[in-house]
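Scroll down for the structure; my scribbles are underneath it.
Order as written gives the chain letters A, B and C; numbering starts at 1 within each chain.
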């Protein structure tokens, strides 16, 4: 890494030194890694837990609370882990949409002509960003959702019922008939039922990521020159129209790359589901570790799954980014 | 953000998956000569994994001290190995982290209301080494009295709270499947959260070991409003454990616990142990007592323990009966009967092999 | 208007509807009208929002002073503060608090006694008076609200008094102190940190207090500060490695960063708790508290590396070339020219990372450590305090909010102080 222009001893020769540096660093890394891996192999062999994937085919013998794909305790571990992955993806996808909507609304509100709305948007962002997400999730679940009433006392809006046992939504029932929630023998029934664990996790993730996305959106809008506003206004466009058709499209160029990292962190944060009893990938993995003792395999599966999720999000967002950039002439 | 560097990470992962395919389940137990006992002696204290939040078994009181049957088991072992029951460092462990903590050597032993099972014991499973069972239990179900449920069938279609990573989670799945009852298992990482969700009304029932349910119920604001269903879903022998591959240490722990049983059988208590030792020293005819109390023979040495480990242990925590009564018995807030946990001489399951 | 870094608090609101020129002095009512009731729609929204805010405020106050039972906090103050730290050893922590208060007061005073050349040399600027008033209020109210015993209350008054007194002394006479003494002050902070570690953990003749007895706020702050301090060098080295021309350095840095950033923190803590023990020779594996601390450190290091890298790439390449052409070696050029600029640019992102690390310490409760949140969950398992979720979680939220907001404010102040282009108004 060092060297100058004159003819000089080898330890300052810029053709030699980089190789020496690399060799030293490589040697140290190799030593450390071989030490770690060597111990790992030795210790795991001793405990009879060396890398193997056969256990994935054995029956899981535990149940999960909610699943989009059929599952019961007689199905193998890989199926249980798949259930966890699907549950994770469900909360991530819905969370991404919700957080984007909320964040965009709040980000736009910070440019509202209404001073109160503007300040509220700031307060929201400052409050949420400075409180740990885990604390917020526990708060949503144990303080808010578990305090909700059940049965007839539940909060009822047209097509929506919020109760301690979950969120009940109107949806298309069999044949395309629209059906709302109804009370049958003191228990709510609805075509679309979200468990309270899912709802609490989703609420927490959306409000948390929403605050960060609001900052990204605000930064994006702020990056659009003031002249654009003025031009839009002088064309006779209203605030909302100029925001929608003039400012936001330009702001998107700045917003989209910022969104990418927020989306990835939302995906990773979804692993905190375990704290509120939602059965996501991490939660199933932990149970699996407990029943099988296969720490390394479970960890590798976890790492691999989140890596794939991250890559997927990045790939999609890069595509979106290109779309947004192309519009620039 | 460029995705390309992240692909790089996928390479080692793929390698691991591929390697795993070739590797075989080799379940060799090891047979490594371990140094746990000398580690404990060198450290000057025993690190004991407990629950810490379970009244009667291991509970951290407001004064910062642990009480309970499991906690006293740890103290007994500390007294046997180190001669001082206070030389224990308690570690609160989740049910889902306890085996890893034991396997990685973070705790020397577990006394954490852990059920002994084949897969936990076997080298090809969790690979831990169980001692003698200190509490014979069975899985039960607690419901609010107001729910009116009296059998498992009454819970059909209802959410049931359960701590994840426990045998109860598996037993629940088995029993419900056998009886064709559908239910929603709500799993939480810790007991706190499980009971918080139950008390919050999120589920209509909570399942765990019957002793644990009784313990928790005793701590509820209104214990009378909760009842245990008259079902026993499983056998739950709660057993202290140490890590596999250290037979000497496992033996020391095992025989310390047996000594607690044997002391009750011989009528040696915390109060009279000193007198009994004196008696044994004076009377050369009481060979059994002399061997047991370490007055003659070298049982302590064979185990790698001091010769007088039995009297030290009993003086520190009392015999098994005393420990039981003090922590979970009819005189304690838990008010549990001895039931299966009586001595074998009284028709129970508590039995020590001969000290010989 | 130019792009503002996200996080800067004072964005002038864009108002497409022609705003009133700022120079015109407007009445209080005029401002209100302009801000809240400029149009019919605005008025409606404002009225709704005001109603909503009033309703929530009334509800919250009624709950806080009526229904809430704060005994759960008051009774467990010690647990929340230091966990199960042995009572007979707690004087060590008090000593540490006293030292920190004294040194903070001293540094604060000196900061004002030696203002930067571009600053007005006011000894007691408005912010400082505000801070002292706030400290006074906290010292008076907090111990009382926590129902601490009288001796404890007196201790807190004395500590606050000490801080303010040191601030006052250093502010007034700091200029006349010998320069050699003044040079010691910045150096004394790392020394104090080391001393603090010794005081907390034991050594130098004091009895050992095992990490499993550390808890509550003590553990949270210790973990966060440990990880922040050690992650900094990691972040700088890895960022340099990632921008290096040497392929081995670059790719190993990339691998490290992407490995850490690709996985949720909880899975890394899982790695630390369940697998690290297998990776080290028997007996080498640190206590699980320290294992978690190292995981946090390496976690934070990867994110910090990205912040520093952004700072490095914002330094014009000409800077390095100029430094090299002056005859500085590569390490010298990096150390003297490039890094100072890069780190200043990276500062806001780095502080943001530290804030999020402080928040991430709550995840320790998921692996069974008794940090603030872990302690809270233990406390709520106590039969006496079952179901006091709202009180406990709200208290923690306020505590975290104050810490993080203070860090954010501090970072902005530091940013202004380090900004070479900043000129006085």
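As a convention for this text, contacts are C-beta pairs under 8 Å (C-beta built on N, C-alpha and C of every residue); 3 or more make two chains touch, one makes a residue touch a chain.
All of these numbers come straight from a predicted model, not from anything done at the bench.
Of all chain pairs, the one linked by the largest number of contacting C-beta pairs is A-C. Distance between Cα centroids is largest for the pairing of subunit B with C. For this pair, subunit B with subunit C, the centres built from the Cα atoms lie 41 Å apart. Centre-to-centre separation of subunit A and subunit C, using mean CA positions: 25 Å. In whole angstrom, the spacing between the mean C-alpha positions of subunit A and subunit B is 38.
In subunit B, 6, 9, 100, 103, 189, 193, 196, 200 are the positions where the chain touches two or more neighbouring chains simultaneously. Looking at subunit C, one finds that residues 262, 274, 278, 366, 389 touch two or more other chains.
With touch defined as above, residues shared between interfaces to two or more other chains in subunit A number as follows: 47, 142, 274-275, 286, 289, 295, 303, 307, 310. If you check the complex, the residues on subunit A that touch subunit B are 45-55, 61-66, 72-74, 142, 146-147, 150, 164-165, 195-197, 257, 260-261, 274-275, 277, 279, 283, 286-287, 289-293, 295, 297, 300, 303-304, 307, 310-311, 314-315, 317-318. Across the complex, subunit C is touched by residues 1-4, 12, 18, 21-22, 25-26, 29, 36-37, 39-40, 43-44, 47, 110-118, 120, 122, 126-127, 129-136, 138-139, 142-143, 215-216, 218-219, 221-223, 225-226, 229-230, 232-233, 239, 242, 254, 258, 268-272, 274-275, 282, 286, 289, 295-296, 299, 302-303, 306-307, 310 of subunit A.
Residues 75, 84, 86-87, 210, 212, 251, 254-255, 257-259, 262, 273-274, 276-278, 282-283, 285, 287-288, 366-368, 370, 377-378, 380-383, 386-387, 389 of subunit C are the ones that touch subunit B when the two sit in their complex.
Residues 5-6, 8-9, 39, 52-53, 55, 60, 62, 64, 89-94, 97, 100-101, 103-106, 189-193, 195-196, 199-200, 219-221 of subunit B touch subunit C in their complex.
Per the touch definition, subunit C reaches subunit A in the complex via residues 1-7, 9, 11, 13-17, 34-36, 38-39, 42, 45-46, 49-50, 53, 244-249, 252, 262-267, 270-271, 274-275, 278-281, 324, 327, 329-331, 355, 359-363, 365-366, 373, 389-390, 393-394, 396-397, 400-401, 404-405, 408.
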